[in-house]
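In what follows, a single structure is set out as structure tokens and then discussed.
Chain naming follows the written order as A, B, C and D, and within any one chain the residues start at number 1.
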Amino acid sequence: MTAAEAVGVLRFDRVTKEYPRSGLALHEVSFRVAKGEFVFLTGPSGAGKSTILRLAYFAERPTSGLVRVSGVNSEHASRREISKLRRRLGIVFQDFRLLEDRTAEENVGFALEVTGVPRAQIGPKVSRVLTQVGLAAKATAFPRELSGGEQQRVAIARALVNDPFVLIADEPTGNLDERATRGVFQLLREINAAGTAIIMATHDLDLVRHADYRTLELNRGQIVFDSAESPEPAA
Amino acid sequence: MRRTVRDASAAFTRAPLLTALSITTIAFSLFAFGLFGLVALNIRAALQGVEERVEIRAFVADGTDAQSLAAAAGDIDAFPEVQSVNIVTQDQALARARTELTEFSDVFQSGVLPASIDVKLKPGYRDPATVARVSARLKSYPFVDDVRYGEDWLVQLYRLRNIAGVAGLALGLAFAAVAVIIIGATIRMAVLSRADEISIMRLVGATDGFIRRPFLLEGFAKGILGGLLALGLTWLGMHLIDRYMHFHTVFFSPAMAAAGVVAGALIGVLGSSVAVGRHLRAL
Amino acid sequence: MRRTVRDASAAFTRAPLLTALSITTIAFSLFAFGLFGLVALNIRAALQGVEERVEIRAFVADGTDAQSLAAAAGDIDAFPEVQSVNIVTQDQALARARTELTEFSDVFQSGVLPASIDVKLKPGYRDPATVARVSARLKSYPFVDDVRYGEDWLVQLYRLRNIAGVAGLALGLAFAAVAVIIIGATIRMAVLSRADEISIMRLVGATDGFIRRPFLLEGFAKGILGGLLALGLTWLGMHLIDRYMHFHTVFFSPAMAAAGVVAGALIGVLGSSVAVGRHLRAL
Amino acid sequence: MTAAEAVGVLRFDRVTKEYPRSGLALHEVSFRVAKGEFVFLTGPSGAGKSTILRLAYFAERPTSGLVRVSGVNSEHASRREISKLRRRLGIVFQDFRLLEDRTAEENVGFALEVTGVPRAQIGPKVSRVLTQVGLAAKATAFPRELSGGEQQRVAIARALVNDPFVLIADEPTGNLDERATRGVFQLLREINAAGTAIIMATHDLDLVRHADYRTLELNRGQIVFDSAESPEPAA
């Protein structure tokens, strides 16, 4: 396990994912993400970005190959191990996945309740992170009372609130305007600077070009470009 | 724990319809069950009253002296099956016939009825076989002319009791089966209606136990409420029958009533547990 | 129309649980209702059998000549309430007493029973008041000593019938009320579980009628299935009782059975209609 | 009604929308869209873009002011009139709103069934429009089997299939990569060229800058810029 951490917090080894009706979503994908690294995942719609991320938080298991996240292994991981791992991850889902019958702050606080954080500490943490994403004013609104971008920011806040060691974000700025995108991205940079590894699927190539982080480009379920291997940037 | 209670009670306000449905279903099933139980209980009570009247009557030859009668009565009283023995003289027999058969009371003016030794059996010995056995022994006394105990009637009584028991049990089980199906479906739907919530919980790292707990408490609360409601309905039903039928009925003992409520709680908890468990394993 | 049928049948495969629940609930409610109905029906049948034995017996003074008895019988037969008149001589009375009261058959060797005119009333005239009226008229014959018709027993019989009617109706209504609540909630949930679908339909321009139709058909189908299931269950229950209780029971007439199934269909359609209507108005 | 159509297929007159808990989402917004016009709606997250669109297809009624779409008036419109109007609109929702238990082609075909198009005509129309958005291969997939971008394209196909006279699109490219975005936008241009008015909320300012269509910019529930009034472009 310590050896695994030395080589990367997240590691895919020849991972293939096949869906019953639609065939290969990923084909022999291998890569690793080092501790504290920031990785962009790009590629056309349907390339397999979300599939990689779902495998990374064990919402799915690979058809073949091995996924390892912080010592948890896709071949042997128990339900309990997966639950424990997820408490240390921050996940932003492409479709937000907010609880419809809880307010914005309850949705964010929920990620802390699950990990057993004492009630007294939850309130301040939630306020802080909602302020960071610019949603302090909407704390008591329910998801249906929020605009698309506001919902997305609640989802980001929830992923950040438990100080994850890896942040997995699936198009976290898809519903945000340029300014909000810059704000959220700035926040992710700060978190990354503090040591959190970030793996972020995005189709905002402007962001990718300007940020100059490592980029993995997917196409039809295969990695077609990895900026860590060929040093010239995509643009 | 606080979260569990809060989440469980939130379920009541968030899905009032489903909650009401679950409680009503549990209550309805237990109520139907309770009504059948009460009918069975009352049939049993009624049969017990009838059974107490099981009596063997040994008619005695005219002119038997009182002393040998008394001696025989003493013997008979010592039989292990016998509860009480009673000597009925000819005069007493006539008086009794007059009151019991008023329609024919005119008739008995001229008639003469035989004296008899009337034997009552202990509870548990009132079945047809024992009665026949005791009758045979009575018949062996030389001065006994004839022994009567209403064979047909007794056999019928026992048959009725067996039938009532079997029919009650069969119908009760049928009702219970249907009730379990309905309750199971209701709870499963309660879980499915929160499938999104459960999957989100799992994705942010909640363990199975953490997810399961509020559901179990919710099931428990619904079960208890359903059980109490059923008890209230049954009591009301009984009370109305009592009142408008002027027919005294037996109600459940406190222990049986409590058992009914506990059964509701068990149904609730077990149903929830199975439904959530199945759902979690499928994730 | 084709879409309506396809969508309605799709509901069965898409939400098998909810569908099964709806059908079972309707069936269960109608079944409980049906059982109560059958019990009432059989009590009525049984009472009718007993009622047929309502008889007025006018005891005749010793030595009344046969001719005046026959004349009186002719008169009495002409009463509008009377179904049949039967003259019982002293010998016939004794023979009847011996067979009816076997326990006391010895006694009647020495006894003498009076002759009587036995009068049966037409159906519809067997209530306590009419019986008393006819009895009074019989009593006015000079040779009639006494008139007996088991007043107490008759009054009890009528009370039992009234009580059975009222109690059955009350319990049946209580069951029906609970059933309507459960069915209503089930259908409302079926609608709510498709709230997203309904709102999307409206957003792409579907009219209320277009949205409502498959729900109505679905409710209709569920109701029919529930009704048939209930009918089957009731028949099965009755059959089992018949078989194991060797007790002949009366089943619903085809018309009543059909009415039950139609009631199921109506519950289904009305419930769906109300639930969808309420939901659509709220959008 | 003919007079109304002469002045615009879509018209907002001093429209204010207030939500019970979050206050004013729109404040006295007035604008009109002419027949065959293409209008971008931009502005930061929470500015009121989706609210304007929801008012335009009568999913909500204004708190005050008047919305008129093709002669249907927010003050008097009956449920039946609204249904009829919507059949002539094409709507792309920000959150897609696909029926979960129908395949992609069934979802698209559904919009035609509602309008009473004969079954025989539905199949070919659906195939054509799914091909246009590049999803012919995924016709029989259910929404949960589609990637975010694929779901979005199904939503677009559904909006286009009934040849609407106005297309209302709420961030139709939020989940698409650059190439897919260009493809979809090209499709919208063609449809617009054939006479369909289009009103599209977007935060993809690149698209807005390059397309040179009329742009309405919203901020805090008010129109702060209308390129039809001040001729210089936003960039």
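The criterion applied here is as follows: contacts are C-beta pairs under 8 Å (C-beta built on N, C-alpha and C of every residue); 3 or more make two chains touch, one makes a residue touch a chain.
Fair warning: this is a prediction, and the values are worked out from it, not measured in the lab.
Asker: Counting in whole Å, what is the centre-to-centre distance of chain A and chain B, each centre being its mean C-alpha position?
Answerer: Each chain's C-alpha centroid was found; their separation is 63 Å.
Asker: Roughly how far is chain A from chain C, centre to centre by C-alpha average, rounded to an integer in Å?
Answerer: Chain A and chain C have C-alpha centres separated by 68 Å.
Asker: Where the CA atoms of chain B average out and where those of chain C average out, how many Å apart are those spots?
Answerer: Each chain reduced to its C-alpha mean, chain B and chain C end up 25 Å apart.
Asker: Residues of chain B that touch two or more other chains: which are they?
Answerer: As it turns out, chain B has no residue touching two or more other chains.
Asker: Provide the list of chain A residues touching at least two other chains, using ranges where the numbers run on.
Answerer: If we look for residues of chain A contacting two or more partner chains, we find none.
Asker: When you draw the chains as points and link the ones that touch, which shape shows up: line, ring, star, complete, or other?
Answerer: Chain contacts: single closed ring, each chain with exactly two partners.
Asker: Let me make sure I understand the interfaces: which chain pairs count as touching?
Answerer: After working through each pair, the chains in contact turn out to be A-B, A-D, B-C, C-D.
Asker: Mind listing the chain A positions that touch chain D in their complex?
Answerer: Those residues of chain A that touch chain D are 19, 21-22, 42-46, 49-50, 94-95, 138, 140-141, 145-150, 152-153, 170-171, 174-180, 203, 205-206.
Asker: Residues of chain D touching chain C in their complex?
Answerer: 57, 59, 79-80, 83-89, 91, 93, 97-101, 110-111, 113-115, 119, 158
Asker: What does chain C use to touch chain B in their complex?
Answerer: Its residues touching chain B are 17-18, 20-21, 24-25, 27-28, 31-32, 35, 59, 97, 101, 103-104, 106-108, 110-114, 146, 148, 150, 163, 166-167, 170-171, 174, 178-179, 181-182, 185-186, 188-189, 192-193, 233, 237, 240-241, 244-245, 247.
Asker: Report the residues of chain B in contact with chain A in the complex, numbered from low to high.
Answerer: Of all residues in chain B, those touching chain A are 2-3, 10, 14, 196-197, 199-208, 210.
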